[in-house]
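We call the chains A, B and C, going by the order they appear; numbering starts again at 1 in every chain.
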C-alpha cells in the first residue's frame, strides 16, 4: 500500500468531486504532528457511490471531513463541481456546503435532543430562506425515508430508536437537496436487521434524488453492497481502487486480501480461515518507510522498505499500489 | 410453557444449568422483563453461541448468571446452577466461583481495564487473591499468561498502563485476566465487537486455541451470526428476552426453522453477493418490552404470521433432530442457505 | 521532566509576585490616609511628615514594592505600623502554626470521615443509609459555620452525655450490621477469611467505641494551647473543636463530590470486570473504584485546604483562637498595611503550592494525564 499516485483519476467531465494530493495533519504538541492522511487522490463521478474502507486509524473519516473542509486540509486540493474549495472564502464555502451534506455514525447524538423532528429537519430550509412550502417539504422527505410525518413531526429524538434517528438524519440531509452525501459509518452502530433496511433506503434515496455518495465504513461487505467503486485505505494512504465487484473477486493488494479473508462468514461449512494479518498497526507518528503496509505484509521484500509503491493499473478501472500485486492476484 | 428441554448431546451432567430465568427491571414506564424464561445447558468443554440484536436480552442474561446486575430495581427468578452450586444465591456465597471457575471477557477492551492500574496488576490481583500466590510467583505467572495470549515482550508490557496498548492488545490482556485462575467456563460478551476485523479474527482464533488447550467451556455472546458460524458447537438465537431457536451450529444455519433467524441471515450483506444487491431486510424493529404483543413476539415483523400467531404465543418445541424453535409456522427443512462461492 | 518542573516553579513565583504587587496597588486605593489614622487627631505636620517618610509613603508605588520585596525574600516583612509595633515576621510565625494545626486536623478528620462514607453510600446508592447520610451532608453544607460551631459547643461541652450516647449508638449500629452480615452469609469454608476479617472489624469498633465513651476528654470552650505551653494532649484538645467544626462542612462537601464520582465509576466496565473476577465489594471499591474517582475530590480538597490555611475568621472568633484569619482581618480594620501585605503573600504562596500539589496528585492518580504531559 499504501501508495500515492494519480493514475486512477478519471478524465471525463462527469467528475463531481476530485481530491488531489490531500494531506491532513494534526498537531499533538511539542511540534510533533500525526499524518492522518498522506497525499491521497481520488475522484467521484456524478451519481456514483464510492466506498472508502479500512480499519481504524486508516484516515477514512478524516478524508471525509477534509472533503467537506471540516476542518480545511493541511494541503491538497478538493474540487467540487469545478470549484476548488480551498480557494473559497468562509462565506462562499458556507454557501457551497448546502450542496454537500453529511451523515454520521451515531445518529442519536447527531440530533439535538431539545428540538422536535420538524425543527431538526426544517432548520436547513429556514437558514437558507426556503420558507415557501417548508412544512410540505419536511413531510415529503420524512415520507421518503419511511417515516410517518404525522407521527414523527412533533416528537423529539429520544423517542426514537437508533435506526429511526438515522432515518431522521438522512431526511435532514435530503431536505436541502444536496448533490454530494458523505456518509461516515452510517450503519455501524445499528443492528443487522436495521442496517439492512438503511442500506436499502440509502440506495433508494440515491436513485430518487440523484445523489453522489461517498460512503465511509469499516465493514467490507456493507461497503461492497452499497458502492459502485471502492477505495481501500491503510495508514493514511490508498492501497487499492476498483469497482466493488472486481475488488472482492480479484483483490490485488495483500491488505485487501487480508481484509476480505477476515470477514466472519455466516456459513458454518466454510472453514474459518487462518489468521491472516499478524502484528499491530504501526504508529502514525513514525510510519514505516516505503510501503506503509510492509511491516505486516506477508509478501514484503527489500524493495518495499525503500520505494513507495505508486498506484498502477492492473485491470479495467482497477488500480493498486503494491510492488507484488501480481502474485496476490494469482 | 417454554419448557422444551435444550439438552446437550455431549454430557449427561452439564457444567452450567440455567432454568427458566426471568430478569425484571423496574423502570419509569413499568416492569420490563429483559429475560423471560430462558433455559439452557452448557457442558464441559463445549462452546455455546448466543446471538441476538440489541434488546434481545443476551447481555442481561449473562449478567444475571454472573451476578453483575445493578443492586437496585432488578428482580431475578429461576435457577442457575454451576457444577452443583447455586449461582443466584447471596453474592458473598457465590463469589468464590467468579474468576476461578467462571470468568468473563467484556465487549470494550478500552473500558474493561482499570486506567489507573498497570497491565500486570490486573492479572496478579486474581492470582494473589484467589490462588494465594506470592508477589514473585504471581508476577512470573502473569508474564507467562501474557505470553500465552500472544502479547509480545510480555515482561515489558506487564509494567505498562492500559492506555499504552492498542485495542487488540488490551483485549488480549482482558483474556489473560479471565483465564488466569483456569476457569472451567468463559463467558465472552461481544468480545470482538469493538475491534477491527483483522483483529477480531486474531482474538476469535486466540479464544478458540485457549479453549482447546485448557478444555474450557465457552459462551460466546454476539450480535453477529458470522462470528458464531465456524466457532461454536451450538447456537441459541434470542429475541425480545427469549430463546426462539436453538440447535447445533450446523443445523441452525442449514435448517433454519424460525423466521426471525431466517430474516437475520438474509439481512447480512455478504461479500460474495454482487454489489448493489437489494437486501432482504427484516422490516420493523423489536417490540417494546414494556408493551409486548399478546401472541408471538416476532409476529409484527413476520411475513408468515397468521391469526394464530397474533393470539397465541408459540412454545419452544424440539423436533426429532434436537432442533428447538418457538414458531407456529416453522420453515421446512431442508432449508439450504444459498450455495457459496468461496474465495479462499 | 526537569524542564517542566522548572517552568512550573517560574510560573508559581510569577503568580506570587503578581498577587503581592496587586495587593500593594489595591491598598493604595483604599480611602483614608494611613499616617493620619496611625497618629490620630492632633498630630503636628512635622510628625505627620516624619511618619510618612518612615513608612515610605512619600515614595512611588514601584519603589515601595521593590523595597518590600527585597525585605520579604530575606524574611524581613518590616514592622507593623499600628501599636504595639512588632516585627511582622514574628506576628505571622506566631499565628501560622495555629492555623496550620487546625487546618491539618480538620482535613484529616474530614477525609477520614468522607472517604469511607462516600464509598459506602455510593455502593448502596439509593438505599436508606445513603439517603440518611446524604441528607445529613446536605444539611451540614447549608448550616453557616458560626451555627455549627455553637452546636458543637452545645453538644460536646455542655452535654457530653448526649454526645457519648450518640457515639455509643453509632458503634452499636456498626457492630449490629456486621453481625447481621454474618447471619445472612452462608457459612462456606471459603469465606473463613472474610469471617476473620469482619470479626476483627467488629472487635475493633467495640474497643474504639468503649474507649472513646469511657475516656471522653474535656475539651476547652475556647483558646488555643501551644505544645510548648501545655503539652501535646491539651494542645490537641484545644485544636479539636475548631477543627471538628470546620471538618463538618468540609467532610460534607468531599462526601458529595466523591460519592457522585464513585457512582459514575461504579458503572464502568472495569469495575464490572473486577466484580466478575470475584473480588469482594470492599476490595473493588478501595482498589478499583476509589482512585479513578478521586480527581474532583483532590481538586476540591486542595482548594479547601488552602482556604483553611488562610484562616477561618468566624470559627477562630467563636473559639477565641488567634490564627491567620484573626490577624489579617484585624490588620485590615486597623489599616496595618505591612501585616496585610505579608499575610496576603503567605496566602498566595499557600494557594500556589496547594495547586501545584493538586496537579502532581493528578498525575499520580491517573497515568493517562502523566502520558499527556511527558
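Operating definition for what follows: a residue touches a chain if its C-beta (ideal position, glycine included) is under 8 Å from a C-beta of that chain, and two chains touch if they have at least 3 such contacts.
The structure presented is a predicted model; accordingly, all values stated were derived computationally and were not measured.
Chain-to-chain contact here is organised linearly: an open path runs through the chains from one end to the other. Of all chains, C has its CA centroid at the greatest distance from the CA centroid of chain B.
Separating the centre of chain B from that of chain C, both taken as means of CA atoms, is a distance of 51 Å.
Chain A and chain B have Cα centroids lying 32 Å from one another. In this assembly, the C-alpha centroid of chain A lies 55 Å from the C-alpha centroid of chain C.
Note for the complex: chain B touches chain C at residues 66-68, 71-72, 89-93, 95-100, 103-104, 106-108, 111-117, 125-126, 129-130, 161, 163-164, 174, 177. Of all residues in chain C, only 123-127, 184-186, 188, 190-191, 194, 268-270, 272-281, 283, 287-288, 291-292, 365-368, 371 touch chain B in the complex they form. On chain B, the positions that touch chain A within their shared complex are 53-54, 166-169, 196-202, 204-205, 223-227, 229-231, 249-250, 252-254, 263-283, 285, 337, 340, 342-344. Residues 55-56, 161, 163-164, 191-197, 199-200, 203, 218-222, 224-228, 243-245, 248-249, 258-278, 280-281 of chain A touch chain B in their complex.
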